[in-house]
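The chains carry the letters A, B, C and D, assigned in the order they are written, with residues numbered from 1 in each.
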Amino acid sequence: MGPTKGKLTRELMAMRISQELFDGAVVNLGIGIPTLVSSYIPEGMTIIFHTQNGALGFGPVVTADEVAEKADVDLINAGGQYITPLPGMCFFHHADSFGMIRGGHIDLTVLGALQVSEKGDLANWLFPARGVGNIGGGMDLAVGAKKVIAAMEHVTKNGELRILKECNYPLTAKECVDLIVTDIAVIEVTREGLVLREHAPGWTAEEVQALTEPRLIIPPDLKEISF
Amino acid sequence: MGPTKGKLTRELMAMRISQELFDGAVVNLGIGIPTLVSSYIPEGMTIIFHTQNGALGFGPVVTADEVAEKADVDLINAGGQYITPLPGMCFFHHADSFGMIRGGHIDLTVLGALQVSEKGDLANWLFPARGVGNIGGGMDLAVGAKKVIAAMEHVTKNGELRILKECNYPLTAKECVDLIVTDIAVIEVTREGLVLREHAPGWTAEEVQALTEPRLIIPPDLKEISF
Amino acid sequence: MVNKVVGSFEEAVADVFDGATIMFGNFAGPGGFPINLCRALRHKGVKNLTIIGNTAGGIGLTTDFDDQAILFENRQVKKVIASFPFSISPSRPSPCEKQVLAGEVELEIVPQGTLAERIRAAGYGIGAFYTPTGVGTVVEKGKEKRVINGREMLLEYALPADFAFIRAFKADKLGNLVYRGTQRNFNPIMATAARITIAEVDEIVEAGEIDPEAIVTPGIFVNRIVKVTKQEDFPRHLERSFWVKTA
Amino acid sequence: MVNKVVGSFEEAVADVFDGATIMFGNFAGPGGFPINLCRALRHKGVKNLTIIGNTAGGIGLTTDFDDQAILFENRQVKKVIASFPFSISPSRPSPCEKQVLAGEVELEIVPQGTLAERIRAAGYGIGAFYTPTGVGTVVEKGKEKRVINGREMLLEYALPADFAFIRAFKADKLGNLVYRGTQRNFNPIMATAARITIAEVDEIVEAGEIDPEAIVTPGIFVNRIVKVTKQEDFPRHLERSFWVKTA
């Protein structure tokens, strides 16, 4: 490898993920990078946000300086952030909320990831170093949403690979991820294997492959990530 | 047997059944004799009526001459009768409604019966002569309600017995009936067998036994039905 | 934003195909039944339908109305899945009853609570569940049975459909629905269980005009909304709320 | 009519016994959590409790409040059944986390949707159900698995409790409840699943003062109602409705 390549910031990753949205899509965003996606909804597009704690169709997160004016303890998202009301939103209990998820009524979920396997297995709930972890709603979302996007840095801070032949962290769900968006690549999970769709500006397919354990399929229309 | 004994009218049967009500009871009444029970709620007692098509806490049935003024197509009971609103009533869908039933949240149901067995098996959904029948919500009520009262004439119009060692009509549920109220007797279903609690005025235990296939246990405190 | 409002009932059912499975919200009368969608389906004439609902129409109540019976009269039904498929009066058998007894239509009869729960299971991604209802009856025939917590229970499977035809009171333009009294019946759960849900409503309002705490069916379950233009001649009092305030 | 209104939180929890199983409505913050019932339970001091809820308290959000963590601090908990039992921050472990890691408290961790569905199943008389959630993960350990409709699913059992401690917005005197926004969370389903359900509410009104179409928890599920007299210092805007009307 040559000199250190530029990587996408978390905001740019969220921007790239926002290109997967479509008008009227029902979307559930996990905590972390996924939450940022709500800031990049394409102009004129209506997205119906779902939060597993029982709301649909709400508005943006309350920002730090709006808390005094707008925060309400009874209007939060799954990350515990205060959210805002929007005309046409509605509320429901947890069994109904996860019925929506498990029943395939969420078009798209974006989940943070620790590892993703060649077959689309997702590990995102437990750091083995900590010994314990929170399952939360991730297993249901990974199994139930029509499309699952895994968002993560391509390698760990220590340079360990995260896209692996087999995950060695405990799984969240098997064969659930449809698209992996990292700070250097966009990779589609297909029956034939992982297809490198896009790479970050300045990166080559070989350089992405070097940081990816399974063999990447390089299609003729491989593109640079653009915004 | 001596001369034809007097039998309770349907209204008197309903009056007797109403003695099983208690303050605050959640009650579901089947079609026929059971429906009449709602006319005999003891003074000062609050009964919360449940109907399986999704309402709780409603008021009396709309009478024939009130239809023009009070009937509303969106306010009916399980028998298709128009009912009236009451402060504190509420509405819900069928899955929630049968969740209440199956989950044991109905204190008492009164169901019409064709046959009841010694063990409390209930048959009330299919006349073999017709060949087909409607299951409806009866199986769920028989299985789910905390207390099940079967209401019927003690014998058929042709004099065939209805309280049998084994039902020969298709069952609604096994071992579900707690109390049988007929036009000549009140019989409790216990582990030891059928206990004759009360007989109609003028009837003897022997005369009731003669119209009942299984052996009746006659307790020392056997009473006459009173109102 | 995707427009869910459709101009006519004919247009709303245009893609229903021969052999489709269709759920109908209904209970024991015209309230909560999508009568205009049902008529449009008869007019369309598609055949070999499987219909799911509490009744199969023509149960013989005093209020006569166009329910699923018209589909049997038009020979459009191949199979019925229902809890109360026959007339309440043996002397006035419904078209369904005649065709079932003649072996022309297949019937699966299901206890009402099990029917509701199977529909919900389909909508909510539950594959199957164990229920005590039906144990020891004809319903248990061919079904797995197991003892759970000391109680015998039957295994019942999720019941999905291609289309749900439902009836509601008001919709907003996002498809959020509210119902009126016992009109709810099977409608909210059927809305979750079909690939395409079509709602027949009295009124269509802007998003935000319905109290968010009172919305029963979230709009994500509803694909098409059609407004009823001509009210039927039923005992209906739209001006009256069921809210009997004490205050 | 039976009076469900109880004068104090202490009185409301008076019959909670050593070894009881208690559900707590909650999600990721003080909204929708019965804080006063929880405090009364700590005060009562009963031991060997099994507690069920989305979290087990002390998850480390910026808003600090008295949640189930106080029961761990007081050594009242024997077992936890939760989906999100640990702190969000490894450097600030919750009392639950410390006691689980020390082997002092038993933990059953359950995916959130499965937890919700198991609670509903208990309330609604469903013995068990098959769900695809958890297949191929630690969750499937010791569970029956079967393929339904081409998909692997796990058998999950109903989860009942002795008591449900829930939070709602308004109650009427019959026990009918409405909630406020995301306050609902697990509260309505827990209300169905316990032998005794106790609701902590902001306001108690007469029957008929709540729109019957908007009631979420029918009163038959609620045994006791207690009114909150002192509002907590959370960002709460009771005067504001979430109803953003467009009209």
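Just so it is clear, a contact is a pair of C-beta atoms (placed from the backbone, for glycine too) under 8 Å apart; a residue touches a chain by one contact, two chains touch by 3 or more.
Just so it is clear, the structure is predicted and the values come from calculations on it, not from any experiment.
Chains making contact with chain B as well as with chain C: D.
Placing every chain at the mean of its C-alpha atoms, the farthest one from chain D is found to be B. Counting C-beta pairs in contact across A-C and across A-D shows that the higher total falls to A-D. Between chain A and chain C, the centres computed from C-alpha atoms are 37 Å apart. Centres computed as Cα averages put chain A at a distance of 28 Å from chain D.
Distance from the chain A centre to the chain B centre is 56 Å, each centre being the mean of its Cα atoms. Look at where the CA atoms of chain C average out and do the same for chain D: the two points lie 33 Å apart. Across the assembly, chain C contributes 117, 120, 124-126, 131-132, 179-181, 206-209, 212-213, 216, 242-246 as residues in contact with two or more other chains.
Counting partner chains per residue, chain A has residues 85, 87, 89, 91-92, 98-99, 101-102, 144 touching two or more of them. Pairwise chain contacts in this structure: A-C, A-D, B-C, B-D, C-D. Listing the residues of chain B that touch chain D in their complex gives 23-24, 26, 46, 48, 50, 56-57, 85-92, 98-105, 144. Every residue of chain A that touches chain D in the complex is listed here, in rising order: 51-55, 67-68, 71-76, 78-80, 82, 85-87, 89, 91-95, 97-99, 101-102, 121, 127, 130-140, 143-144, 170-174. Residue ranges of chain C in contact with chain B, taken from their complex: 27-32, 54, 61, 63, 83-86, 88, 90, 97, 100-101, 109-117, 119-120, 131-139, 169, 179-189, 216, 234-237, 240, 242-246.
Those residues of chain D that touch chain B in the shared complex are 1-2, 120, 122-126, 172-174, 176, 192, 206-209, 212-213, 215, 218-221.
The touching residues of chain C, when paired with chain D in their complex, are 117, 121, 124-132, 148-149, 151, 153, 157-158, 178-181, 205-209, 211-214, 216, 242-247.
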